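Pasting the structures here.
Each of the next two complexes has chain A plus one more chain, namely chain B in the first and chain C in the second.
This part shows the complex of A and B:
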């Protein structure tokens, strides 16, 4: 019995010692800065957040392997927020006092709103997806890329051109379908006013509960309303399901489906190629074969994930975000040096990287003193033969935020 | 918890919550420790205790309706949302003080709970559970679509103030939250030994027999819902003014499931069980959340997902293990421990 207890004790001590050594060895590495991600890895937005998180890690790993940024390593602290605000807040409180925590990345705008008061108090900064709120109130929150309403505005500009190209007279009728949540409503703040300013008839938005699987009723209503175009502002697989139902109802022959930046992913296109044929996607970043052929994305995915299959929209978005962070870090280091670098320095640096290129993964950086937009350009793709084929070059998005007066 | 040889000599002693001088000592020492905690606890730990205390209040409400009255409710987080929004509306739109809005938000949630609990008069078990899920969906939908609630944008309630002193940090809010938790715990403990509490237990054990005994089922079931939702509403108000930003994403069905999970782990029909369940589940959550990055570092070739999925899988595994090996929860272990202490130096066979 005593022998058994002694063996158990030795094993326990061994485990404790190895954990201590492992953690101390990682702490012992000097000159690090921290990037906190509150990604939803097991919740409803996991399909989007996980590849973004993977991409950020892969890119920083490559940077660190190459000697870091001016010899400084970027350490990603990843917390699975499960799309739960309380967990995100708890995680932020846990890490907020960590020295050299430069930035917090939230996977939802709601989480960003919840941590914003603390971020303001801590004089730090955060990144969140695409709520126009960031641009409407210039504070310490920055969009990943363009605000959702600007992206929607770009789609409106495109469809007007398309309408003319098709030689049709009058103005087209536009339908809008999205989640009945903050995101779905957000697009209309500025987006609605922009459409009205163009004289286009916007049908009453069709909003549905996240998790809905059949969309016949909403689509039929839009079709009866005379929609010529339907803009789908949700994240895949839902846009694919919506377009699948539109195809089954025979609506895609008459109505042009347009997906927002999180629509028609590789998986969606592969699962319903016929239904998605002809669908237009407004994208912040490269997609399809263009993304797969991009040398950096290709190298990162193969090196760290072992397959090109990982080059998804989320992954591409993540690499772009990481490159902008690296650029801002260089700027902050040049301005204040490693000893003084903190969230405030990073916040100031982000406003000075206007025009920074990320190798063509997206348009040039648009962050600035008066801009919380990561980029102000989009690219259009059309699904053809099961692939996202480029339809345009990088195109400037309109400033729809300025159309909404009640921020 | 009484040592061997200490007996109750009258009815007053039998029903007393605090019975012996040892109880008083532990209680007073515990309260001193609780209120002194911000002086030595880190900011993070203070925030965590705030979160625990709010969860205890919500789970106490659920314990009243589910653990004592036997009516399953999956709508507790919706009633928390009602309290949070009621408090925010009262303070933001009508300029009412937090100190008035706090009890009012409980009352508003209680009234909505009585309306929501009406199906319990006709259905029970699985059907009632489904009805409460529907109520959850309805409440969230209404919050999303009413102008007064700020719709999808949510609301930004202010921090409570007392004169010129603002409770605008976690360590300041700690005193309000912990005081409310202590009061609500005392109230819950007191309730279950009253005639109302005994009526709840009778309804839970056999509602037909309870009715035959003269217990008014309608009244007591609705009272149970009122109390459960009152607790939820109070917790929601505290949550809103602690976070200073609320939106519907903070009150999902998953949160309601977590509270049910806390009761399963802690033990149904026990006030201490609520504390055990809340502390266990919340601490487990935190441990998993903060070991995930570490595991991700060690097993980086697995990517972030395996370590992250620990969160959900451990919660599920813990529930399964408890249902299989300790269906009466940690409260039962506590009872066994108390019993063994009571008959010490003899052993329970």
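This part shows the complex of A and C:
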């Protein structure tokens, strides 16, 4: 009897042990970390947001095919937020407790602001485009690359040099045209003070409702104000339309148009090459033929999308983001190991990858304990013969955030 | 005999451990006040008038100052653009509770376009693309609210009706 019981006990322990071993081996096979994207895959910003999402997926797919990061796979959880903050907030709430969710990428700064209270509570982190808010308050939100106002500041530095090179005396007059929304106003928080510090006359900003299709009124007002340069801070197709209208009014002969980081895309340039000729674009990442000829961008696009046409600004932005993530993941794994890796570990790791290179897709990484800037450099391009031709190397952007005192 | 006792003891211990795990699941949120949610109007006729009608959500007993997220639950078999596989709802709003734990918010126009009308926004004009509208079928729909900090939940129902022809 005693013998029978002992056998039964051994069998029971055997079953328990087998279950434990089986489950642990399946865990070992599925060593994954999660990257949540709140992307606008449909909706009004899909043209801009989808390539970023595609690029992140393509790059991680390649990393995973190569064995992952130290054997850990990166799994993308994609939610189509449709440019609707309510959907983005709901999606983050749904996935926030997923073990090994390391980071959330928001396709708009507004969505980033909305999920931030939950992110702070969860001790996680997020990436969002370029609101200076990220740098103004050093918390758990990080810019994709430079803040919008720093990028604008770099344009101001460039135009002053351009003015001098042209042998003109005095100071140029600058016009600013943007959406009448948080983004449009954001640039002036630091950007305005920076312009004033340079003694340049900044005309009253021309802000318009998203969806506006004709810009003659705003452009005429800027021209009458004596603008020598107009900085356009909107996302394509709108910058293309603004420049098309400036060209039609004959203003581009006298006024230098400058597009911000979401300026004329390949599609925009192809549709209005004549109007865009001579336009300058301030870019966080490689553009035009330089991007198409970049080996990694070219290989990823052809391998995963089957065409070089996918190498757009959004795609390039996404690959750069993914490379910085990979670097931070490697750092976090080295610091805490897979078992302990979480949003907090990534938040700390992102602050330790200063100087990380992404193969020249952008300038080197600028994240750090006192920096939420993905990069602090930009590159200038000029549209010539229907292509974005480089006008400079990577150029340091000024810290315009420090010029604004009411963060 | 001793061996049988050991087995019984082992089984009993396993049962206790398992039950204590189950009990933790069911006890989640116990001891917290019951959060509430209501909507006004509780019935909407599917038509352009929805855009002129403020759909107001009110609730109480949320954790003071917490974010409360509102989701429109999509019944199985109904397609909803942007809703991922395995998901059962889409966000239609969020609001921060006041210091007393009360909430009040309205459904935004974008959520009405995307959710009630399952439509698109024209990327050029940023205006609703009326041709894309495929309104949800008439019926009762659950609206779920959940607290970001407290995990409290509450629900209400909104009815979509066929517009009356004049």
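In this section, the second predicted complex is superposed on the first by the 378 of 407 C-alpha atoms of A that agree within 3 Å, B and C clash if a C-alpha of one lies under 4 Å from a C-alpha of the other, contacts with A are read in each partner's own complex, and residues count from 1 in each chain.
The working rule: a contact is a pair of C-beta atoms (placed from the backbone, for glycine too) under 8 Å apart; a residue touches a chain by one contact, two chains touch by 3 or more.
Just so it is clear, the structure is predicted and the values come from calculations on it, not from any experiment.
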Look at where chain B and chain C land on chain A after superposing the complexes, then choose clash or fit.
-> clash
Who does A:39 touch here: chain B (first), chain C (second), both, or neither?
-> first
Once the shared chain is lined up, is A:117 touching chain B (first), chain C (second), both, or neither of them?
-> both
Thinking of the overlay built on chain A, is A:186 touched by chain B (first), by chain C (second), by both, or by neither?
-> first
Who does A:237 touch here: chain B (first), chain C (second), both, or neither?
-> second
Touching A:50, do we find chain B (first), chain C (second), both, or neither?
-> first
Is A:91 touching the first partner chain B, the second partner chain C, both, or neither of them?
-> both
Examine A:80 and indicate which partner it touches, taking first as chain B and second as chain C; both and neither are also allowed.
-> both
Once the structures are superposed on A, label A:354 by its partner contacts, choosing first (chain B), second (chain C), both or neither.
-> neither
First (chain B), second (chain C), both or neither touched by A:210 = second
Residue overlap on chain A between the chain B contact set and the chain C contact set?
-> 41-42, 78-80, 82-87, 89-91, 93-94, 114, 117, 209
In their shared complex, chain A is touched by residues of chain B numbered 43-44, 47-48, 51, 137, 141, 144, 151-154, 170, 243-245, 247-250, 252, 254-255, 285-286, 289-290, 292-294, 296-298, 303-305, 307-309, 311-312
Residue ranges of chain C in contact with chain A within the complex | 1-4, 6-7, 10, 67, 69-71, 81-82, 84, 87, 89-94, 108, 110-111, 114, 120-127, 146, 148-149
Counting only contacts in the complex, chain A reaches chain B at residues 22-23, 26, 39, 41-42, 50, 53-54, 57, 77-80, 82-87, 89-91, 93-94, 97, 108, 110-111, 113-114, 116-117, 180-182, 184-186, 209, 305
Residue ranges of chain A in contact with chain C within the complex = 1-2, 4-6, 8-9, 12, 41-47, 78-91, 93-94, 114, 117-118, 121, 209-211, 213, 237
